[in-house]
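Here come two complexes built around chain A, the first alongside chain B, the second alongside chain C.
Now for the complex of A and B:
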């Protein structure tokens, strides 16, 4: 077993446990955006930065394994500054603020990141509403990869992919002809994990009522 | 990297299926654009899901720009920028009547930007089809359809006995097989302290040792020939002039760690590299130096040469492995390191081309002789450096570590052409810091350069002359950084775009906010691309703040 301390709370963890998992065991909050406990760690959002005593720079909690004796500080000022800067950048690429119930909005609120100070390009509006139950709003996609991984690792349908590069990165179903033309099985795992409602379920009831 | 996709690729590779990227590249070469039918065919042949193939087809430069009968690619690398700013793109756009990324309606001609063609010694460089032209008149000839191959200067060594700038003789592999054996070879490479020449400077022996100890039914050697750093053409010279040194280095790596197969990933921007390596590999097979039962022993080793498709970040080792397997060239978090999980999920050594080219000397002559190559410093071995077109004698030179940057610029490369004066030099690529003329007496070595915010990096020494506007340098570098971000991690994907936007207009740049952004990039980014792009910006903020238009 490996023993680490998280904000002064000692926890014993199995070999290979990540800092994020240790923090959760210790009951300490670490902000995350691309993390979903049902999926392999991805390390894309860089919001889960924490301080570790002796480390010259903050470390990503979701992909860093615990070492025996590690002293983890979840609110270390430099780490927290990076997390907040990254969340501000993410908000700045969206053409509208994420809905309050979304995971991204909640992380931003808890980190006290308000209106982004960055002007500049935002994602072009592009809503794909062809599927009866799944809406894909590309402008809200933050390329966290959770939907792609849910489709790959959880459902095994491989209907989704990351697309593009750099700021233009986004997602597509199949050959980008919509969910219905792809290998999608309408399981909804992508909508379930999406932290911004870029993919969301269209309520059957609302649809029948024509709402 | 998706474990499921890697497993699919492994199974299809076992039955000799092509990768999705190979099929898509062939389709582009055949008809100049990609259709859904091409993507469906790539999926069927490679075994990748259609969505994954679509993702690949939207990632690489070579798959995106439609091609006409004459496909003109203009180099926007930093050496070409230092020579002529953005003028080459504007000139070709105007004369061909199409913007970069466009094809004429009659399909006669198409234009694309490319970074970089590795003709940094004779900017501006332009490629038409497979022919690279460079230097005075190259743009005129690209417009008039009279492109001709540009000459490349010979490389030179300032060492008493050249190590890298000479033909290989496979003496290292012979000695390793006859005399040393696996363990002593590995021990020699570790004792020689061969530091990685691709940028990070990580000890090659340590990588080999991890992979040698890792468990796996198969292991692989990957030579990183994706020398994307604008301003560098060192690995290009090695792959095209001494491919036998690289192949011998790979065979030695395979022998030391227990791998029977290697891959070289070379760049599509260097159209001569893959044919040169394939020709040499065929010759080596005929002579019993590659293949089964090498030199009459029970050691088997062979190589596959793969060409990339236009992406800077593919030079990062996890992105490189993704590209070799035909996936999107995005970076993966480490751990797991390639030494544990690389090609097809198996233990893999990834070494830069120049690093591997050092190994034959270590194997033939031993660690002590290797360490003696740079007598004035603790750093072992020699180094290839290369200079841009601003210099009087730009080429690739083999030098010991420990000379000053001034000695390299003035004595080796002859100072700037036409008596011009150096304003600053960027060393080691776009992620390297910028050294002002006042610090040229810094020693060219890992630690002294790090102390002034610079790095050895890939070994390019790229001069900006006194006429250079340093704010334009910042804009040029950040445009490159933003366009080449793989898009995986948030700080790099969004932060480099924001940093470029700050410099893209004439508006003053908020220094405090810029520094916050640089910190998030340095500390938050997943790989050295986002983490390293702030280095030249830091240099400019330190040495040329008055030119940046800050507030």
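Now for the complex of A and C:
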């Protein structure tokens, strides 16, 4: 067993346990966006940064394994500044604030990230509402990869792909021809995991729009 | 493990005014669901992250196919037949009519002139109440449920070989198995969440052996795919056993210490060398040997099967043979080595566990067992018949013969789903009185004298038992629409009006009674089930049983039984007049008779049944993809659209039975499992012809120049 302390709380963990899992055992909150317990840790979003005593810079909690004697500080100022900045940058690319029930909105609220300070380009609106159940609103995609991994690692349909680079990064169903023309089996695991409602249930989108 | 922000934040948001955690009412996997409703309608359903069978996943049926609950054609008031037509009626009128007719027929012809059907779609408590209605309030053992036509052979065989009627392990065994052998089951279509689990296991290195006349999706992820001729499963399994023995892959210690009857099997196996099996099944000998070695040499291996095993003339015997294979290699009762029958409906396990069968009380205890019958007599305060009742097919025969006069049909569309539709309709027309307790008008309600509007799984409370023997709680997400009532309430009311007071205030009282009267479920209670459920047997202290038979089998002497059962030909065979073999089954987007899924967006995804046919057969018959074809069997004829695909072997065709306009079951004859009378839906000799004879290709005329 390995013993670590999280904000002063000592926990014993099995070998291979990540800092994020140890923090959860200790009852401490670490902000996450690209993390889903049903999927292998991905480490893409850099929101789960924490301080570790002796480390020259913050470390991502979801992919860093615990070492014996590690002293973890979830609210270490540099780490927290990175988390906030990342969330703020992500928000700045969206044409509208994410709906209050989404994970991204809740993380932003808890980190006290308000209206982004940076103006500039936002994602172009591009809604695919052809499927009977699944809405794909590309403008809300933050390229966290959770839907792609849910499709691969939970369902095994391999229907979603990451596309584009940089600001144009997004996701596509099949060869961007929509869910029905892809290998999608309509399980909805992507909508279930999406932290921004870029993929969501079409019935809920219609409700949002008052239809 | 809890996560920092629950993925499931949507449960606590203001878009919804009612949330519940319940158990899915589609297939037998038993996914736990989080339901969210607003204004009396379901708005969204997601998976429960802590669901033991689904671990945060669902398929499109459990998640999305809930719109049927508020479909405009839902039954919202009772209906009674008057001058040949069904008309809306009050509950008083409907119940009065039922009681008057049941009492009249019982008075004139005796209690055995009445029969009831419980439903594998309903809760344990509903089914148990139905047994009490038929046994105590009416006084007959004429009660059966639709597991008769799907997994009754599994139940029969597991009891014969091992002792208990249920899977020997849990779905988690699939995460640990080195190899999984799938016989006559297509999980990515029929049991999608388990299908996804198997696919993930395969991607991590679990080796798959798939055995099916169709090249199922999981075959693409496996090591060996065997495509036997339909109806030859027994020869396949005997062949696997032969190779296991011949090539020294036996677990002799296990056979000696834990089993009986091996010698007789050994003698039988001599005749099933791979070449002999190839003759019968069409499976290349080398492929059979490769499959036997994969399974036999693995440290752990699980066996899965479905209706492709059971819905045959010798279905129950093939399940016994699978048990042989597991015992020969010692692959039972250990982590990763489980026998997992994939149950078709949400509560196939439970409806039979609850004694909704003509010959047993709860936990498969015989109605002829004096001690058991006396315990129910004491609890119910009514004399109970010691004579076995009729199975579903026997009910139809008795109705046509004029011996059965009335049926109370709860949650089963027999005119759509049972085999030999013409015979079923003749039976329904022969009856003097038919009650249907349903959520929609269907093919069977056309013959009903009274139709009672009941509740869907999302509108009731109680428990289901999944394919892992797990009791799980069902909670209402919404209320039944209009004047519809819960099934439990309706059955209790009918009992009361027939002069039999149940004393139950809710399904939980019935569950307590079931636990009190059944040693196998002694420790089951609502509080103990909680969010995770319990796998029976459950001891009085609440300890449950994820794995069975780790030390002894549940048979006299504690030994597993080897059954020496030879291969016998199926009930139907291709011949000159009917040269193709039809196999029927279901697909991902729809569920059985389609009563629910056809009334949801799933019908946008798939809106018809299709006949799968191999390109070689299609070319020979001048059938093109999308053509309408006529399919004729010895008992009936249907018209359907063809789909040309290499998923099916030449000589075989496949279709589903989801759409009433197709009426696939018109083609199915009377052939049935020899032990349980489960119909042979999987081997039907047919003749396929294009509806219009346009050449699918221009025949090449020999060049004589």
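Following the convention adopted for this analysis, the second predicted complex is superposed on the first by the 203 of 211 C-alpha atoms of A that agree within 3 Å, B and C clash if a C-alpha of one lies under 4 Å from a C-alpha of the other, contacts with A are read in each partner's own complex, and residues count from 1 in each chain.
Going forward, a residue touches a chain if its C-beta (ideal position, glycine included) is under 8 Å from a C-beta of that chain, and two chains touch if they have at least 3 such contacts.
Here the structure is a predicted model, which means the values were calculated and not measured.
Q: Would chain B and chain C fit next to each other on chain A once aligned, or clash?
A: fit
Q: Go through the superposed model and pick first if A:180 touches only chain B, second if only chain C, both, or neither.
A: After superposition on chain A, A:180 lies in contact with chain C alone.
Q: Between chain B and chain C, whom does A:98 touch in the aligned arrangement: first, second, both, or neither?
A: neither
Q: Put simply, what angle do chain B and chain C open at chain A, by C-alpha centres, to the nearest 10°?
A: About 120 degrees, rounded to the nearest 10.
Q: Classify the contacts of A:153 with the two partner chains as first (chain B alone), second (chain C alone), both, or neither.
A: both
Q: If we overlay the two complexes on their shared chain A, which of chain B and chain C does A:32 touch? Say first, second, both or neither.
A: In the superposition, A:32 touches chain C alone.
Q: For the overlaid complexes, name the partner, chain B or chain C, with more touching residues on chain A.
A: Of chain B and chain C, the partner in contact with more residues of chain A is B.
Q: For A:21, is the partner it touches chain B (first), chain C (second), both, or none of the two (neither)?
A: In the superposition, A:21 contacts chain C only.
Q: Give one of first, second, both or neither to describe whether A:82 is in contact with chain B, with chain C, with both, or with none.
A: first
Q: Kindly classify A:51 by the partners it touches after superposition: chain B alone (first), chain C alone (second), both, or neither?
A: Once the two structures are laid over each other on A, A:51 reaches no partner at all.
Q: In the superposition on the shared chain, how near does any CA atom of chain B get to one of chain C? Answer in angstrom.
A: 6
Q: On chain A, what residues does chain B touch that chain C touches as well?
A: 153, 156
Q: What part of chain B is in contact with chain A in the complex they form?
A: Within the complex, chain B contacts chain A at residues 2-5, 36, 39-40, 49-55, 58-59, 311, 328, 330, 332-335, 482-491, 493-498, 501, 513, 516-517, 519-520, 523-526.
Q: For chain A, which residues are in contact with chain B within the complex?
A: 33, 40-47, 49, 57-58, 60, 63, 65, 78, 81-82, 85-86, 89-90, 92-93, 117-121, 142-143, 145, 149, 152-153, 156, 158-169, 172-177, 182-183
Q: In their shared complex, at which residues does chain A touch chain C?
A: Residues of chain A touching chain C: 20-21, 23-25, 29-32, 35-38, 100-103, 106-107, 110, 132-133, 153-156, 180, 185-189, 192-193, 201, 203-204, 207.
Q: In the complex, go through chain C and note every residue touching chain A.
A: 1-5, 7, 9-10, 13, 15, 43-44, 46-47, 49, 55-60, 63-64, 188, 192, 196, 199-200, 203, 588-589, 601-602, 604-605
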